[in-house]
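Note that subunit A is present in both complexes that follow, paired respectively with subunit B and with subunit C.
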Partner chain A sequence: MNMQAQQDAIDKYFKQYVEDENFTVVFISPKMFQLISKLDLNEVDNDPEAKMVMETVKDIRGLRVLTTDVDPMLRYKEAMQKINTNEYEVLVTVRDKGENVRIWVKESDNVIEELLLLVGAVDEFVMLSFVGNIDLDKISKLANNIDVKGAEHLNKVGTDQD
Partner chain B sequence: MKMYILLLLCGLMIIPTEQSAQTKEINKFYKKYKLKNNSHNVTIPGWLIGVGADIARLSVDTREEKESLKLLKKVNKMKILVFENDNPVKDKHIDKLFTGLKHDQFEDLVFVRDEETRVNILIREDSDRIKNLFILVREPEEFAMVSMKTNMTIDQINEVINLMEEELDTDLN
Partner chain C sequence: MDHKYISELLSKYWDGETDLQEESTLKSYFNGVDVHDSLTQYRPLFAYFSAALEEKSLDSIDTAVLNHIQHKAVPAKPKVISIGSVLKLAATVLVLLGVTSFFYQYMTEKNGTHIISYDDNPDEAVEAYLELKAALALVSNKIDDGKKEALKGLSRTKSISIMK
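Coming up: the complex of A and B.
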């Protein structure tokens, strides 16, 4: 499988999860985002939410999601130890009813190149990585449109939080 | 949800094509496996797809369905290879196929793996036209490959999606 041109945390630290059949893997390539961003949908003009989604998509160059329900908390602890804290900065930490969520960003020249979400819960472990020129405000608004456990916590990453 | 609809559309849409050969690696792979036991395979020429689309258009009602079928008329060639109850395809041949596809400028769109099911969708684009679409679905006991040649533009995809949205809005209101 062709990897994103921009290496993400999953490429660097979690390749073994990609090969592990206990994990469900979803990869949306830069090409796919490029095609989507070229679409000129009527709905975008009429629906602010659709417009917001399309504006966010324009800046994303790849998305990868890994999930498993096998030893999820163990995977979460394992993953937490692997993240290079010199490269990734914690943005959000949440612990809520047995669900642990952590969101990291990787920044370069004042541009957020990657957003990494880790969720460790009793029933599931989730790792989600967006790569591109990430606008936190746009991603935070996208939170409820991503049907992945823990993704709703992305609404906390925006800079215009109350 | 919107993203999901767009992904499905890219993966499942039938697209207009002009005369253009299937890639060498796809042809080699197809030839290698089409004669295996339990193989279901078909190569559909464009004219036959066009005739089918014309017939189907007579029996559909919505503009969205008619426009989608209109696109079918331009399909030049489609290759389909399916194995059920037994998947004899070797991993090394899949690897070689993907290497060949990348060499022929195919690019990944989507990859999904869930337990033992793997889905790959790739395209080859040239001057803002999608020239080829390739879909592979693999399970231990089943296999499906669909390869199409196309000359679809983003505008044409746009048109169908906008029609789908219009139909959806009409149904909801």
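Coming up: the complex of A and C.
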């Protein structure tokens, strides 16, 4: 495992958000990811998708979530402009019910090493960054399990990888 | 009231599909005394709707949260919030995107510090796991939304070429 501290988009472009008191910041370190992987699921989580969650996160190294309700749309626009489109590729863009969502990924040698989610809504801005070896397939499948309604029929229509 | 039924209602609630009566049921349940252990963490969310309880409810949230933390053998550090299960943080994000000022304010005021950091304390691993699960749920749902939008676009394209 590469022990070098990897700079994610938040380190590169959004340090000021981390230092801004208007933001709530949640941070899960690589060390904590290791501790999580050692949890006994039977004691922790009764949901059937718990196993899937553990599978999905075994190669993820870090998570950061920043949220604010102060000038959220402004933050969203600001954030969108700062992201270097040479490094990051757009995976998803959704505009729905007054909410703008964009997911960026950073790929290296066919591995997704960072996933960056931005949500801009009238009363909330969310920025979320996963770093590590990110398996999109597994993450997408979680949606089918965590929120069954509506997603079922999509599973048949979507393309199967492999 | 059967807590399994309440769990079902909660799922409906997160999907925005509860009717007024069901919401009222949730509200009474969570403002009552007999809240099942696995559900006490949601109490603050429903206490919000009970304006009369506002002042008092902060204290009972305090106790409820701390009790919950202690049950999970996590030291009751004021700095760390016990968010609870995936539904709750997903709800927090959804609620933050929707209604929430009370809950959000609760989080920031409770904290003092605005940074919640999980690093090498094994007692925090459960909480961190739940936050992680919620974050994954959020990303997953958004990817799903993206797929739906893409498919909508595709079906429109198809019908255009057929019409040619």
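Please note the rule applied: the second predicted complex is superposed on the first by the 127 of 162 C-alpha atoms of A that agree within 3 Å, B and C clash if a C-alpha of one lies under 4 Å from a C-alpha of the other, contacts with A are read in each partner's own complex, and residues count from 1 in each chain.
What we mean here is this: contacts are C-beta pairs under 8 Å (C-beta built on N, C-alpha and C of every residue); 3 or more make two chains touch, one makes a residue touch a chain.
This is a predicted model, so every value here is computed, not measured.
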{"item": "Touched subunit A residues, subunit B compared with subunit C", "value": "C"}
{"item": "Touched partner set for A:Leu136, first subunit B, second subunit C, both or neither", "value": "second"}
{"item": "Partner chain(s) touched by A:Val119 [first = subunit B, second = subunit C, both, neither]", "value": "second"}
{"item": "Partner chain in contact with A:Ile10 - subunit B first, subunit C second, else both or neither", "value": "neither"}
{"item": "Touching partner for A:Thr56 - first (subunit B), second (subunit C), both, neither", "value": "second"}
{"item": "First (subunit B), second (subunit C), both or neither touched by A:Asp40", "value": "first"}
{"item": "Partner chain(s) touched by A:Met127 [first = subunit B, second = subunit C, both, neither]", "value": "neither"}
{"item": "Which of subunit B and subunit C A:Thr24 touches, first, second, both or neither", "value": "both"}
{"item": "First (subunit B), second (subunit C), both or neither touched by A:Val94", "value": "second"}
{"item": "First, second, both or neither for A:Ile83, with subunit B first and subunit C second", "value": "neither"}
{"item": "Overlap of subunit C and subunit B interfaces on subunit A (superposed complexes)", "value": "21, 23-29, 31-32, 35-36, 38-39, 50, 53, 57, 147"}
{"item": "Residues of subunit B touching subunit A in the complex", "value": "1-4, 6-7, 10, 98, 102, 107-116, 120, 123, 125, 128, 154, 157-158, 161-162, 165-166"}
{"item": "Touching residues (chain side subunit A, partner subunit B) in the complex", "value": "1-2, 21, 23-29, 31-32, 35-36, 38-43, 50, 53, 57, 145, 147"}
{"item": "Subunit A-touching residues of subunit C, taken from the complex the two chains share", "value": "15, 85-86, 90, 93, 96-98, 100-101, 104, 107-108, 111, 114-120, 122, 124-126, 128-133, 135-149, 151"}
{"item": "Partner subunit C, residues of subunit A touching it in the complex", "value": "18, 21-29, 31-32, 35-36, 38-39, 44-45, 47, 50, 53, 56-57, 63, 65, 67, 69, 91-94, 96, 99, 101, 103, 115, 117, 119, 121, 123-124, 126, 128, 130, 136, 139-144, 146-147, 149, 151, 154, 157-158"}
